[in-house]
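In structure tokens below, several structures.
In what follows, chain A forms one complex with chain B and a second complex with chain C.
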Partner chain A sequence: MSDTREPILEVEGLTKYYESGGGVVDTLLGRSQEVKAVDGVDLELYPGETLGIVGESGCGKTTLAQALLRLIEPTAGTVRYRGEDLTAASDDRLRSLRKDIQYIFQDPFSSLNPRLTVGDIVGEPLDIHGIAAGEARTRRIDDLLETVGLSQRHAHRYPHEFSGGQRQRIGIARALAVDPEVIVCDEPVSALDVSVQAQILNLLEDLQDEFGLSYIVIAHDLSVVEHIADRVGVLYLGEFAEMGATGDVFGPPHHPYAEALLSAIPEPDPGWEGDRIFLSGEVPSPLDPPDGCRFHTRCPKVIQPEGSSLSQSEWRSLLDLKQRLRDADALESVTAVAESDGGAAGPAHLSRSALGERVREEFDLPSPVSDDEAESALSESIDRLHDGDFDAARAAIDDAFESPCERTDPPLYAVGDGHRIACLLYGEDYPDAPERA
Partner chain B sequence: MSSERGRIRITGFDADAVERREPLSDWTENRAGETEGRWERGWREFRQNRSAMLGLYVVAAMALLAVFARPITVAGVTVQPFALAPYRPDAILYVQGLDVSAYEAPSLAHPFGTDGSARDVFSRVLYGGRFSLSIGFIVVFVTAAIGLVYGAVAGYYGGWVDEVMMRVLDLIFAFPGLLLALIIVAVLGKGYWELVLAFTAIGWAGYARLIRGEILKVKENEYVTAAKALGARDRRVIFRHVVPNAVAPLIVQASLSIGTVVIGVAALGFLGLGLPPGSAEWGTMLDQTRETIVQGPGGTIPWWVTVFPGGAIFLFVMSMNLIGDGINDALDAQEGEDVARGGEV
Partner chain C sequence: MALLEVDDLTVNYYTEEGVVTAVEDLSFRIDRGEKFGVVGESGAGKSVTALSLLRLVERSGRIESGEIRFKGEDLLSMSESAVRDVRGNEIAMIFQDAQTALNPVYTVGEQIAETIRHHLDYGDAAARERTVRLLDDVGIPEPEARYDDYPHEFSGGMQQRAVIAMALSCDPDLLIADEPTTALDVTIEAKILDRLDRLAAEYDTAIQLITHDLGVIAEVCDRVLVMYAGRAVERASVEELYYDPKHPYTVGLMSAIPRIGDRQDRLQTIPGTMPDLVEVPSGCSFHPRCPFAEEACTRTRPQLVDPATGERAGPDERSAACLAYTGDLDGELDYEVEVRGRDAGAATAESEPPEPDGGGVDRGADPDADSEGKADE
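On to the complex of A and B.
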């Protein structure tokens, strides 16, 4: 993107940790844990552009959006609007800055006060900032309602009389009332029907042209982001995995996570033969995010140490086994469930060879795996498991299999004009990684 | 077969044509005037509730009778000249030269009979409504207002503020309500405003806790965040967005506890700790005549001196409860545990 222009909004190191499980007593005793919802996010928003932020549930999208506006206090970091730091602004200053930065909410059913008429909802920002009163206020409300495709007749109705799409329009009218420069849209269409989604997205685009707005659009729906955004950031566990112009992010080269997300877009063409990438494991808890690259626990392209000659899927499976062992205290959690078990005896009573088969079955590992060293480490670990010594089994496997991704937290490497990817595959140390095409 | 992603296109549906087509019926979106607000809807439902309306009529009638029982004079000017009650409530009739003795049975001249000091019970019951009703309404209004603000502040700000404010509430709740009122009256002495103060001191805590819980729930709504995002000050957010959405259970609770307060006042009166002896307050009247419940002079029991004041208390409290239940149904506030019934102290 053109770096010659000054960004209208500049975010540096924005961080929000939540205290978890904390009553007052827990806090005093230092027993509380921190949920790292957003962990050091940098972004810039240029005038007139739309920045899309995508990610799956729980990756910190909404927290990021609300921390941007200090609707929740960020733990650290700065948000600069036209050079002025929002995080350091006084309450009064912040209140007047809210005229310039507005917010559109995800749920049109809970974001409108059911006790106020639509006219009062849209007119509220006018009252708060003393923009218009009396006759002028009524005219402005009518104008706003018409701008978003409603009618001034609606001003005396209550929100419950409207459909979801109409309510979202009311929310947009409310945000527009103060004549903002920047609007942060938190999942603006995810609560709406597909046909209505298109109307609202088109409305947002029309308003952008008309008023020269800049948007930050949060979404989990990639097609929404592709439709509306000029640039896209892919968020994973509170950090950006990839960031760049929409076309760059949606085309290769990809961050492995973004690639998996893109492959999950439903495809209406029955003749479609593209591959769906399935990620192993679950999203790690933000209470205790993985060291190194946050995606390494699920990454299908996780890097092998030098000299290893395993196939990529074997390598992934071995790392899965290693992670599973880490908090395992029973054999059941690392063995496949056999249908012919008859419920008689658990895996503890299996012979050494039967146990080995079950473990390999659970993790889809061939016998033997294609690398000799790896095979011996795996056998050693299964031996120890058979003895019931979990610590030794863990040690055997921990030493043998360690990916660089577990040690190094990758920065955002530039791979093109404004296109940055946080993956070691794109770093200087791995110039000939298969992905770097 | 391809691996190019396609786009969904809808054909055969022309949105403009739908907008422009002939209307299928003559229904128009334009409705006359403003739409019905929540309170109008509530009032419409309340009116359809027969028992609640009955309660309302009874309370209104009792209030009117109390107001018009004797003339009201403010600073020497008579603002209410009517006198439905034939005698002054404290007039001892034989002293005034009338041919009346103590404990005279109900007759045409004295429909509720006379009491032990030969005072007209009918006049006293009518006039006594002034004490019970006004204390009930004043106490509930003041306690609900205090509880609303206290609970709103505690619930909205949360954290340490909430923690400290709720511990203060626990202090109040640590005392049995009526006992605390009794102690306060015993310390301050008997009197109208002392009673109001005693019941206010124990009454506001319940409202505060109720409204705090509601506000904890309401403040999670996105429209509260939306108001903050618009730059609204806390006061505006609390009293325009949070409280109006949390106040329905408080109104139900308040209407039900008017009865509770009246019972409480009568109870203190009966224990001899209400208004000064001789005043026409219903509970105090019962106290004055309680020995007659067992046996009166001459072996007869003058039932009229206890039945009529007691009946007045019963009628008023029951009517208030009917009204409270009606409001509860009309506002559709949640029923059950956190809304206590009137009469429970």
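On to the complex of A and C.
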């Protein structure tokens, strides 16, 4: 996208924290926690383009989409539409601004009022914004239904009479009623069957050509986003990990998270032999996101400290062990399950060498690991585990294995024209990192 | 002898709107250790097929006719208690929604151990040990600690793994997985499919994988059955199906999926939607949506035939249910399918001519066909 044009929508530092579940007592005692659903997101949307936003569940996609329109009130940050700050707008002003920015919901089954006819559903925004009444209103509704591939005969029916694909068309007609400039689509096709999904995606593209719309499309399905978007942002735990033109994001250089996501898509081709990247662990809780780079707890390419000569997989395993130890209070947490050892005894009764083997087995670590210093720290830690002293075991490992990724939160580094990646590997300190393109 | 033999299975549901034939004249075979895929969109009859295999069809439904033989024994004529021994023990099932498949008031470990004690007569300690090992096998970290967790303490991916562990707990010969990864993120899905694949090999378990996702089928399965409106429309090995599909519906499905690395502007679509099963179209049920349909298709119901010879095909042979292969059509199926992986970069599946009425298939080409027959006056 050319940066010479003015963005139609400009978002800076958008943040949404939720108060976490605690009850009244927790609140009184000051124990409530914040869920950092969206944490300081910047983005621009240019006229006529489609910006795709992808990420796994829980990464903040829907919160971001709704905070953009103030469907939920953002905690901080600004959203400027044609230069005007939405977050500072009065309720009245916001209402009239919503004529220009519309929203299409994920679930076509719950986003339409079952008691209204399709005509009234599509006509409601016309009434609210005082756009058309009487004969003109009817004509406008008929036009809209036709535009999305329904017919005026459908205006007098109720939502339950329609299939999922048709309901999504009704939702689109409702969004179009006010002649918007921007439409935010939250998982517009995820509830639909493959053949219907293609119809809706094509419809969205046709409407964009016809009315010059700009879209923000939220989806978890990367192939859908790749198909429809001009630019893509990859969201991880409320922050963008990568942002750029679709072709750039889907090709190298990659953020390690984006790379793993791409490798995981099941390819509809039985002959395809790709290398899957399996991430260790699960998405961490947004209640307490990791320090430094939020992805470092799972990243296969997490950076080693200077002078280390470990293989990358050993390094990853050692960090996994370190994380596991952090909240461990029993040996079972850090040892492999034995094939069969009579069950009852448990790892506390193992000899020092047997315990060492079981720990290494659980984390796929060779004996010894390929770096002498690392090996001595590891055996020191296993010694302490054998003594039953978890704090000492933690200390032995914490000091020895620390990645720069744990300390530094990487900004989005520019790696190409409009292509930015939030990973230290692309920063100035690592000019010759192997992943750099 | 195949592990599972299904012959001419027909399942009806008796609803207020009338009799719905959810599955009609369905036959297939699954061999020992084989990974068999069933693919189709919602309403195709995939899940009902799976439920019938365990005789779990709900009360409003009835298995009207057909035979289901498991290891040569007729499941449909077995007593209820005999079927219960087969369920879980020899045929296990993984449901789409792990959250509802787990009992919220028992710990995860206890639920699995209970199955083991019940079916395999294990003692408490031995069942616990086996459970922990199973949890470890399916990739749940710290299995001893997680044994005593309740289902709500597990994430979605973990719950699905626990369900897989439960399904594998008694070394079943057949594992029926109904959309096992549909509710999960791709990174978790990749891990679970990989586990499933390896565990099936390890335990020599056959898998019947039911899904709408052609990517998942391509990754896991050996042979595939494509269903449409309650009937099998094509049966083939996974390579044949993806590189040389024979039924127009399969062709349509293949071209409708957006593929990574394929920057075509428009997706090919299949006009309309799956018909309402109360009113299945006459003749070939796909004819209202088929670009190659002719007059004959509205009258004659096609049988599954060998696409090369037009002869009626056996229940484990490559076959497609289209009149084009029995010489009943004047025209020919004129399409091309080209699959190139994302590494090759360029364009992929093409099928032409896909649009019988000259373009605009999506935008209200035929609102009636699109309305599932429901919204008609």
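Some notes on this structure:
The definition used in the following text is that the second predicted complex is superposed on the first by the 431 of 437 C-alpha atoms of A that agree within 3 Å, B and C clash if a C-alpha of one lies under 4 Å from a C-alpha of the other, contacts with A are read in each partner's own complex, and residues count from 1 in each chain.
Definition applied: contacts are C-beta pairs under 8 Å (C-beta built on N, C-alpha and C of every residue); 3 or more make two chains touch, one makes a residue touch a chain.
Predicted model only: the values in this text are computed from it and were never measured.
Within the superposed three-chain model, A:R153 lies in touch with chain B and with chain C [touch as defined at top].
Applying the stated contact rule after C-alpha superposition, one finds that A:E19 touches neither chain B nor chain C. When the shared chain is aligned, chain C comes close enough to touch A:D193, but chain B does not.
By the touch criterion stated above, A:P268 is placed in contact with chain B and with chain C alike. Of the two partner chains, chain C is the only one touched by A:F162; chain B is not. Contact with chain B, but none with chain C, is seen for A:L112 once the two complexes are overlaid on the shared chain. When the shared chain is aligned, chain C comes close enough to touch A:A330, but chain B does not. Judged by the touch definition given at the top, the superposed model places A:L222 against chain C, while chain B stays out of reach.
Chain A is touched at more residues by one of its partners, and among chain B and chain C that partner is C.
Comparing which residues of chain A touch chain B with which touch chain C, the overlap comprises 153, 157, 161, 265, 267-269, 271-272, 274.
Interface residues of chain B facing chain A in the complex, by the touch rule stated above, are 1-3, 5-6, 8, 29-30, 33-35, 37-38, 160, 163, 221-223, 225-233, 236, 240-241, 244-245.
The touching residues of chain A, when paired with chain B in their complex, are 24, 66, 69, 71, 94-96, 98-99, 102-103, 105-107, 110-117, 124-125, 128-129, 153, 156-158, 161, 171, 174, 178, 265, 267-269, 271-274. Residue ranges of chain C in contact with chain A, taken from their complex: 41-42, 125-126, 128-129, 132-133, 136, 141-145, 155-158, 185-191, 193-194, 212-219, 238-239, 242-243, 252-254, 256-263, 265-271, 273-274, 339-343, 361-365, 367, 370-372, 374-375, 377.
The touching residues of chain A, when paired with chain C in their complex, are 56-57, 146, 148-151, 153-154, 157, 161-163, 165-166, 193-199, 201-203, 205-206, 220, 222-224, 226-228, 247, 250, 260-272, 274, 276, 278-279, 281-282, 324, 330, 332-333, 336-337, 339-340, 343-344.
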